[in-house]
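So the structure is just underneath, and the comments pick up after that.
By written order: A, B, C and D. Residues from 1 in each chain.
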Amino acid sequence: MAVRLQSEPFDAGAEIARLTKGRTDVGAVVSFTGLCRADGETGAISAMTLEHFPGMAEEELGRLETQARERWPLLDCLIVHRYGRLVPGDPIVLVIALSGHRQAAFEAANFLMDYLKTSAPFWKNEESESGSQWVSAKVEDDQRRNLW
Amino acid sequence: MAVRLQSEPFDAGAEIARLTKGRTDVGAVVSFTGLCRADGETGAISAMTLEHFPGMAEEELGRLETQARERWPLLDCLIVHRYGRLVPGDPIVLVIALSGHRQAAFEAANFLMDYLKTSAPFWKNEESESGSQWVSAKVEDDQRRNLW
Amino acid sequence: MKLRYFAWVRERVGRGEEERDIPPDVGSIADLVAFLKTQGEEYEAAFENERVVRAAIDRIHVKPNASILGAQEIAFFPPMTGG
Amino acid sequence: MKLRYFAWVRERVGRGEEERDIPPDVGSIADLVAFLKTQGEEYEAAFENERVVRAAIDRIHVKPNASILGAQEIAFFPPMTGG
């Protein structure tokens, strides 16, 4: 299981380099990085705080990783999710999938992001000039998840 | 246009960091790295040489990038392709797509790889104990391209 | 029973967790929500729109009709917005 | 006319590029392939299975029926295997 929760930033490039180092069986690496946007879900934001359910978040991400490994021939897989206060431009989440051929890595990374959005216990609270506000879940996210 | 051909290795992480640096409008970054596998298309290989058509390769990748930017709301996009002699474990190709929301970045990166495989003028010659051999184009690659 | 609350459910209830005695006739998550709504207006506010609130028993997502028999910890929270 | 060859087409022709006078009745890529096949067994070998060989006029992919009128440079190569 390669799932990490942390308040510190992550380095997508260092993780890709670490996962591929010394291997000659990997043909494809797909990475997804999600970043905090100034144009948030509730409007223009100055910061956001990610609340999470410690213990369940790790377990749920671990369950998603297991599902992805069962559905695609992955050579390795990593999910890193941050919590705490972030400002626009900060990285929030990283998913990396490694496989022999490209389609498995693309699909697994996409699947993990779609599932993570709707089932990993994280909640965003956005700060703006008018105060702070919880982000509402998006219907599209549920719909995307149900396509898999 | 951000298309680069080079014989030197590239650093996926440094490219991702450079493309996102100072931006607060990017919500999603998808990177694809293609690597040389020891288990090549023609069997177990010790090396491979990528021949390309200088001039046309840059132009064709530029045309693909333009198509991707027309089809998806990309904030930025990069294609790096190597040529020359590579050994198993070496990176071959890098595609990075940046967008506000994740689906555009996933789809554009996937589209670019599918098109690049069948239309960018590169040819792989693999070396093994029994000599060297040109890699044949794969029917599946044409089929994947035609899905878009 | 240990109860935990997250995000705006936590804010409305006014605490992140609590130990609470649950009457023996409370068998499901839906029963538990109905019971909590009798325990004060902070719970009424948190579960105002019951269908929106999600639940987990011992850190696993469950539906409202899930049995709470044998549960150690039950958590309530809004739909997830991570990633 | 400048002709260029890549990968195994180049190996079979025995050179990467050449300047060649093309008769005026050679109007399309298909005509050019037919003409080249009369120019020696290296061309016969390269274009043995004509349908497999791809062409570009002035660095743009074209089909066999494409007109070569006004072309500066024509390239022949196998199906691409990059990425």
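By definition in this document, a residue touches a chain if its C-beta (ideal position, glycine included) is under 8 Å from a C-beta of that chain, and two chains touch if they have at least 3 such contacts.
If you want to know which protein each chain is, UniProt gives these names: A, B = Molybdopterin synthase catalytic subunit; C, D = MoaD/ThiS family protein.
Every value quoted in this text rests on a predicted model; they were computed, and no experiment measured them.
Undergrad: Tell me which chains count as touching both subunit A and subunit C (MoaD/ThiS family protein).
TA: none
Undergrad: Using CA atom averages as chain centres, what separation in Å is found between subunit A and subunit B?
TA: Here subunit A and subunit B have centroids separated by 23 Å.
Undergrad: Distance from the CA centroid of subunit A to that of subunit D (MoaD/ThiS family protein), rounded to the nearest Å?
TA: Here the centre of subunit D (MoaD/ThiS family protein) sits 49 Å away from the centre of subunit A.
Undergrad: Suppose each chain is reduced to the average of its Cα coordinates; what separation in Å results between subunit C (MoaD/ThiS family protein) and subunit D (MoaD/ThiS family protein)?
TA: 72
Undergrad: In subunit B, which residues are in touch with two or more of the other chains?
TA: Within subunit B, residues 34, 113 contact more than one other chain.
Undergrad: Specify, in ascending order, the residues of subunit C (MoaD/ThiS family protein) that touch 2 or more different other chains.
TA: Subunit C (MoaD/ThiS family protein), residues with two or more chain partners: not present.
Undergrad: Would you mind giving me the full set of chain pairs in touch?
TA: A-B, A-C, B-D
Undergrad: Please name which positions on subunit B make contact with subunit D (MoaD/ThiS family protein) in the complex.
TA: 34, 41, 50-53, 55-56, 59-60, 81, 92-93, 113, 116-125, 134-137
Undergrad: Which residues of subunit B touch subunit A once you look at their complex with the stated criterion?
TA: 11-14, 16-17, 20, 22-39, 88-89, 100, 102-103, 105-106, 109-110, 113, 144
Undergrad: Okay, in this complex, where on subunit C (MoaD/ThiS family protein) does subunit A touch?
TA: Its residues touching subunit A are 4, 6-8, 56, 59-61, 75, 77-83.
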